[in-house]
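Read through the structures below before going on.
Each of the two complexes below includes chain A, the first together with chain B, the second together with chain C.
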Partner chain A sequence: MGDILIFLTLLALGYGFGQYAEKKHYRSLIEREQILNGLPAIASRIPPADVFYDQQLVIGNVVISVDYFKRFLAALRNLFGGRVTSYETLLDRARREALLRMKEQAQSMGAKLVFNVKYETSSISKGRKNAIGSVEILAYGTALIPPRNG
Partner chain B sequence: MLISNMELIPGKRVTEHLGLVQGSSVRAKHVGRDIMAGLKNIFGGELKGYTELLQESRDEAMDRMQQQAQAVGANAILNIRFSTSSVAQGAAEIYVYGTAVILE
Partner chain C sequence: MRYRNPSIPEGINTSKVHPLREFALRSLGALVLIGVLALTLGYFGGQLSRWLVSVETEARWGESLREKFEETETPLPLRSYLDSLDARIEAVMPLPAGMHVKLLYNADDTVNAFATLGGTIILYRGLLEKIPHENALAMLIAHEMAHAESRDPIVSIGSAIGIQTAVSLLLSGTDAAPLQDAGLFTQLAFSRDMEQAADLAALQALEAIYGHVNGAVDLFRVIQSERRDGGNGEPPAFLSTHPLDAKRIETIKRIARERGWQRGQPTTPLPAQFRAWLNIKVGSPPERE
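Let's look at the complex of A and B:
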């Protein structure tokens, strides 16, 4: 009986706080993405050759975790198969956050463009009972900074 | 030392290739952080402690790579890549590698 109570409490806590945190995160993501829209990040490997820019490595990383409720949903999905939406939103949020942090770093250097962007994903809490708990996303690229004297 | 994930630098010529240089670092956080992370696994959200941890170990791995490049006499490292893997719970290995070159 006690176990079930604890389980239900965790589920409710996870649902409440998790939903709140996710909504808040999405709001802030959209807001910051709009601000940084003027600074494109592209995956092209060849830099624009006509102008000589300074170039600098920029990095953004984030570790983000799912809540208890979503992990429970994902475990259910494992029985029936299909899209695991709860993990999809987790990875979506993490990728966007990492890219934004990279862009923020680039912007503080006065960059006009970030190119050769690469993502790197890893789950850092392996070995635990519920395999995936949190993921780390790293985004890195080369920021092109126009020369100071224009 | 110029560190970049570009394969070539516009306007500069690579005069000599010095081969692969690498750096790695395995780190863990103290138990308090792990407990906090366990709590976060219930509520969801960013694990700031781990974000910090990985950032620190990435800096260290890059430092080591840079030292290696200096030892072989390079003045730039091009085409660098990052890679992460978890070796145990609460510990992560960060690996950085790139090509050491001499730019003119």
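Let's look at the complex of A and C:
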């Protein structure tokens, strides 16, 4: 009986905090994406040839961990298969946050564009699946900074 | 060339499913799945073990368990009294061929009694001290003997293995370990059924011996008050291995009424020295032959 109570409490806490954090994060993401919309991040490897830009590596990374509720939902998916919807929003947020951090760095350098943008992801929980459920998302690219004084 | 990042509509990388809805659907589905598999494997595991393990084999296993539980030598008068009760009950409750009931007495304070493999029944002093009259004691022994008679201990083990298999088949390697409790509840349900069947068989035996079943419920009143005194009241019905005491007493009364087994006869007292026998200090455990 005690076990079930602990389990339900953890689920409720995971759900409560997880949902609150997610809503708050999405609001912040949308707001910052609009602000940084003037600084495009482009996947193309070939930079524009019209101007000679300074080039700088910019990176943004995020480490996310899954809450108890989402993890349990995903575990149920092991039984039935199908979309692991509980992880979709989590990873969506992580990708967008990583890209934003990269762009923020580029903006602080006065960049006009970020080229050759790529994502990397690595799981920190390797080998300790039940202890840690964390993933790193890394976004990096080449910031093109217009040369000062022509 | 102009480079732009168009603003992407929200929600194209995520599914529009409310997490609570997802949770309710999935966990319900998982519980049903585990429940059905646990019931099936538990049932077949129990029946299979009854079929695979012969009464003789079970008796051999029971023999080796006896050494574990019989820590104290039974005071002689108590031994002969228990044996005579045993014989009277066995006379009206035929056991499977090859099974011999062995009543073991343990001088521990535990308020309990149970039947295990091979007709081995363990009675603790803690419970015997609280028994008010012979009818209640006969009810207790007959109840445990009924478990032995229907081979409940071996069936329980078999169904436990079956249920465990079901649970680990579905849940091993997942994070959904809390769902394992579904298997546990199945197990409890099986054992509640056995308890009810044993109660009925014991009542039949009492009726055959004494011509009435008066006093049978007193056994469960003892257990009920013991539980209350222990400070931890009865667990919720679905978490209990046994039917709830109050419900059990009701059921026994109803059966007695329906079958006309309640005729107002007085209960048979225990031998005058019964409690004194329980307190006889006896030396080391008996030597095994």
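The definition used in the following text is that the second predicted complex is superposed on the first by the 145 of 150 C-alpha atoms of A that agree within 3 Å, B and C clash if a C-alpha of one lies under 4 Å from a C-alpha of the other, contacts with A are read in each partner's own complex, and residues count from 1 in each chain.
One rule holds in what follows: a contact is a pair of C-beta atoms (placed from the backbone, for glycine too) under 8 Å apart; a residue touches a chain by one contact, two chains touch by 3 or more.
As the structure is a computational prediction, the values presented were derived from the model and not from experiment.
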Putting chain B and chain C onto chain A via the overlay, clash or fit? fit
Scan A:40 for contacts with chain B and chain C and give back first, second, both or neither. second
Is A:104 in contact with chain B, with chain C, with both, or with neither (first, second, both, neither)? neither
Please name the chain, chain B or chain C, that touches the greater number of residues in chain A. B
Between chain B and chain C, whom does A:76 touch in the aligned arrangement: first, second, both, or neither? second
For apex chain A with the CA centres of chain B and chain C, the angle to the nearest 10 degrees sits at 110
Please indicate which partner A:62 is in contact with in the superposed arrangement: first for chain B, second for chain C, both, or neither. first
Once the two structures sit on chain A together, report how near the CA atoms of chain B get to those of chain C, whole Å. 13
Per the definitions at the top, what is the overlap between the chain A residues touching chain B and those touching chain C? 70-71
Of all residues in chain A, which touch chain B in the complex? 10, 13-14, 17-18, 21-22, 25, 45, 47, 49, 52-53, 55-57, 59, 61-68, 70-71, 97, 116, 118, 120, 122-128, 133-134, 136, 138, 140-142
Within the complex, chain C is touched by chain A residues 1, 3-4, 7, 15, 19, 26, 30, 33-34, 37, 40-42, 48, 69-80, 83, 85-86, 88-89, 92, 113, 130
Spell out the part of chain C that touches chain A in their complex, as residue ranges. 1, 3-5, 7, 10, 13-15, 17, 19-20, 22-23, 26-27, 29-30, 33, 170, 173-176, 178, 181, 235-236, 239
Residue set of chain B touching chain A in the complex reads 3-7, 9-11, 37, 40-47, 50-51, 54-55, 58, 80-86, 88-90, 92
